[in-house]
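For reference, the structures are reproduced in the following blocks.
Shared chain: subunit A. Partners: subunit B in the first complex, subunit C in the second.
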Partner chain A sequence: MEKNNPKGYLYLLPAFLFLGIFLVYPLMDVFVYSFQENYNFASQTYTGVGIYNFRYVLRDPFFLQALKNTFLLVIITVPLSTGLALLISLCLSSIEKLRDFFQTVFFLPYVTNTLAVGLVFMILFKKTPYSDGFMNLLLNAFGFASVDFLSGPYWAKMLVLCLYTVWIVMPFKILILTSALASVSQQYHNAARVDGASRGRIFWRITLPMISPSLFYLVITGFIGAFKAYSDAVALFGIDLNAAGMNTIVGFVYDMLYGRSGGYPSYASAAAVILFAIVLTITCINLLVSKKHVHYI
Partner chain B sequence: MNVTLQNLTKKFPNRNKKAGGEVTAVNDFTFEVPDGQLIGLLGPSGCGKSTTLYMICGLQAPTSGRIFFGDRDVTDLPTENRGVGLVFQNYALYPHMTVLQNILFPLENLKGKDRPGKEEMRRRAVEAARLVQIDSLLDRKPSELSGGQQQRVAIARALVKMPGVLLLDEPLSNLDARLRLQTREEIRRIQRQTGITTVFVTHDQEEAMSISDQIVVMKEGVVQQTGKPQEVYDNPCNLFVATFLGTPPINLFDGRVEKETLYIGGEALLPVPGIADQAVTVGIRPEGFVPEEQGPFSCRLLRTEIMGRDVSFVCTNDACRKETFRAIIQSDGTEQSHPETVRFRLKPGKVLLFDENGSRLRGTNHGKE
Partner chain C sequence: MDYEQIEKNARRRKCLRDILLGLVLCSWAVIVLFPFYWMLLTSVKSYGSYNSEFIPRLFTLSPTLENYGSAFSQVPLGRYFLNTLVFTVITTALMLFVTVLAAFAFSRLRFRGRDLIFTAFLSLMMIPTELVVITNFVTVTDLNLRNSFLGLILPSVTSVFYIYLLKENFSQIPDELYYAAKVDGTSDFKYLWKVMIPICQPTIVTITILKVIECWNSFVWPRLITDDQNYFLVSVGIQEIRENGFGRENIPAMMAAVVVISLPLIALFLLFRKKIMAGVARGGTKG
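The block that comes next holds the complex of A and B.
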């Protein structure tokens, strides 16, 4: 093959153009806006350049709430969903009967509309004048008092949001992990048994390292996905997330642009850049950790 | 430690579930592997030899029969507690571990007082690596090794915990011809050096004959014959064993016995005292032919192939079961003439007779030559 063939670049041009116009340019723009004070879309004017936007956003209680919510969501749901998905995948790959059935069941949330799932969670958790919701009926049956999950205490709302997120992201993880487990040849398992390894040791020393690339992929995309959470919160708590105290960083950005208190592209850009910095940092840490623990074969 | 197999039987459900029924992979296998010997399990593919091996190491449970290691009944003991070493056909080295980690793994799995200290483990792993001459490759990953090196790592990993029994599943089949020859010597050397009872599965009869103390010939799950390689070769109990052992293979002819004399195509070849008159299958080893001007067996010579020390005569005879047959003659170095027909005298010990069922017919003068 001839390298540096100019024709090659020609073929890449359409993709470059699209990416440039709709992805790279806006990305640059966001960085620029985040340093321009009081930028105005309509008049294309701004009053100064500096880090004022960041200072403002970092002092905004709604942003701090969103930051806290997002971090909690990430810290709880990423390990929980990945761990549960791994457990379920291991169970799935060790059964023979009904495996297809269970695989279908676990995959259902993936093909279900987010808002439809939100509706189901409403029915499960929402307190109405007529019923306390299915979960509360269960709690009552065990002798506990009803909890207003969707507009009650913060921990209850967080619990529902986390459950919802875990449930939504699990099918994809199960799908990836079951195929990763299936690709680990049975002979390594046999060899490890001959070498005297117990089931637990086979899992930690053989199976886990061999599926580590898939697991790592899921952790990275899981972190990024959870940091970008927004629609899940909307599906559960409606569009006024600040009022519910359940806003996320992406939600804050949206509100700053288009929400009831919107019209502040500079603040929105600053928040977006902060989110970018956080995701970048976390991903870099992930990559560093993975160097030691992920085995590409 | 000797290994005793008692009426070992393994049945698998038929793959075609609708047809039902079972496939018997190993049928009523009884054998004792004496302590410290190297045993070759030999047979064509699908004869149940690998299944037998997997039953010895516990990866497959026998349908019936018992397995003993020494006096201990291990039939129901799970693999991880049997303390066997197994070298898989494609080695099954853990790809994410280095050579050293691969060899250390069986030691790290030891529990309680059997578990050596860290330094001791390393020492033993390096010792095992040295035994198979890979101690310079300890930090490599399996993917960075050649087939032969991987095979050595697999042997080191199987040996490092000093197993009571070492099992080798077609260990040479993934190596090229030259390496195979070298490695089989190596396996023999290591086995002698360690004195570990070893069972070795192969479909290559040359491989099995060359390094085994005893061979077990199997066909369709049934043991055909056991014994020292040379004994089995010289004295096969049936047509299958006779044709399976030997390269080039034994030559088969249609013949008959009349009045205690063997005839092939009307030519009286040999006296065969003690064998009743009947049609027989005559097997003649390639080395059983001696060219002689007045020899009783006449054949048409197609060509000769000179293979260094020996000359191979490719001949035809109407009674031969195949188009051509091969006679291997020791070459005396002089240029051979190539007549159209050659006459052979036959060495009686190299002529084997079988009845129509393939069972060996033994005359009264058996074993004289």
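The block that comes next holds the complex of A and C.
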């Protein structure tokens, strides 16, 4: 075969064009924007180069609120959804009848439109003058007082957001963990049982180490996904997340860029760069931790 | 202890375990399905009966389809639908074009710097969309492409991951086929079209479906780039309906719109269940 076939570049040309214009160039540009001070969108001028944008963003109370919301969301939903998914996948892999049915049902949230189904969660939790909503009905049935979930106390709003996020991310995790569990060879289990190992011991010593790469993959993607939460919050609390006090970092970026408080691409860029730095740091920490605890075969 | 006793205990334990398993699975199934049930239920309640229920009822004896009528007549839901359809079809087609050509170049052709370029492509997978959206927004605004299909589609086309997925699949086709085709005087393009694409059809179908799901649900980019109702996609449209549509509190009509928006993807999923789940397991991201 010929060593250098220049037609190869021709076949790559469309990919080069799209990636270059909409991925590589913007990536470099966002760092440029984030250091240009007093950038004016209309005239495309700026007065200097420095770290003012970062300082501004880090002092903005809306950004701090967004930072707090996002961290809380990450810390609550990632362990909760991963643990729950593990439990459900374990149950799924120990039944044979109806397994296909349950798998199909559990996957449904993945193919739904986050915005659309978010509205259903909204009306389930919403308290209006004419009705306390379904969730409050449940609470009342257990003897608790009604809570205004969507415009009431902070913890209630956070709870709804976390619940919806978990609901949305579960299908992916269940899917990955069930296929990981299915690939664990039954031989190991049988050998352990011949040796008289208990169920718990088999789980901790065999199953868990065998699926640890998948589990770890889910933790990493879970962290990244939760740090980028945005549309689920919009679905529940509406487009003006700052007013609801439920903004996320990504929401802050978009609000700075566009909308009622928009028109500041420099601040948006600075916030996006900060988000990227946070995600990168957390992923690196995850990788370091995994070196100790994840068993690759 | 006699043998029978041990066996009985074991059976009882197994029974207990099965009940627990069933309980966990069924409760999660209820949690997953309940929102779907609720949206269907609410969408067939009439406006009057919905608002008169201080305690929401779990079923209705007088279902009505009037909400579906108002979902299409009072807000331009049909328009949103058509826009999303056009957007999804064109974006997916362009994505397939770009992806197939690039994967073919990487897997079949030899040219200088190929492996280096491929590594560079792979490293692009790490770039989060949030980082590039800002400049893309400025670019598209400068090009006067806001509120146009071109502005919606162009930045949504590329997916490095799909190139990688297809390249891996293309690479599995034995070289002998290529040489045989070359001896017969087949051109590279004809070989790609007549041999490689048919062989790798399952992967191509998978990435098509994944892209369709992605397009149908995309929200962030369309929201930034459109503020003219005529170019809204369903996600942006449903948000608009929530904020301004149907007067103030016509929740049944809103739910009818939600049902209509959710149905196509659920139907697609039920049709291609195995393919979608396998595809997502290989390369889905959400959560």
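The working rule: the second predicted complex is superposed on the first by the 280 of 297 C-alpha atoms of A that agree within 3 Å, B and C clash if a C-alpha of one lies under 4 Å from a C-alpha of the other, contacts with A are read in each partner's own complex, and residues count from 1 in each chain.
One rule holds for everything that comes next: contacts are C-beta pairs under 8 Å (C-beta built on N, C-alpha and C of every residue); 3 or more make two chains touch, one makes a residue touch a chain.
Just so it is clear, the structure is predicted and the values come from calculations on it, not from any experiment.
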Subunit B and subunit C placed together on subunit A: clash or fit? fit
*Report for A:Q187: first if it touches subunit B alone, second if subunit C alone, otherwise both or neither.*
first
Per residue count on subunit A, the busier partner among subunit B and subunit C is C
Query raised in the report: Can A:I239 be said to touch subunit B (first), subunit C (second), both, or neither?
Result: second
| query | In the superposed arrangement, does A:A197 touch subunit B (first), subunit C (second), both or neither? | reply | first
Message: One more residue to check, A:E96. First (subunit B), second (subunit C), both or neither?
response: neither
Check: subunit B-subunit A-subunit C angle from CA centres, nearest 10 degrees, reads 80
With chain A overlaid, the minimum CA to CA distance between subunit B and subunit C in angstrom is 6
So, in the complex, the side of subunit A touching subunit B is made of residues 185, 187-188, 190-198, 201, 205-206, 209-210, 212, 295, 297
Contacts from subunit C onto subunit A in the complex sit at residues 18, 21-22, 24-25, 28-29, 31-33, 35-36, 38-39, 42, 51-56, 97-99, 101-102, 104-106, 109-112, 114, 117, 121, 124, 127-128, 130-139, 154-155, 157-158, 160, 163, 188, 213, 216-217, 219-220, 223-224, 234-235, 238-239, 242-243, 249, 251, 254-255, 257-258, 261-262, 265-266, 268-270, 273, 276-277, 280-281, 284-287
Given the complex, residues on subunit A that touch subunit C span 1-9, 11-12, 14-15, 18-19, 21-27, 29-30, 33, 41, 81, 87-88, 91-92, 94-95, 102-117, 119-124, 128, 130-134, 137, 165, 167-173, 175-176, 179, 221-222, 224-226, 228, 230-231, 234-235, 238-239, 250, 253-254, 257-258, 265, 268-269, 272-273, 275-276, 279
In the complex, subunit B touches subunit A at residues 57-59, 78-81, 83-86, 88, 90, 92, 94-96, 105-106, 109-110, 143, 157-158, 161
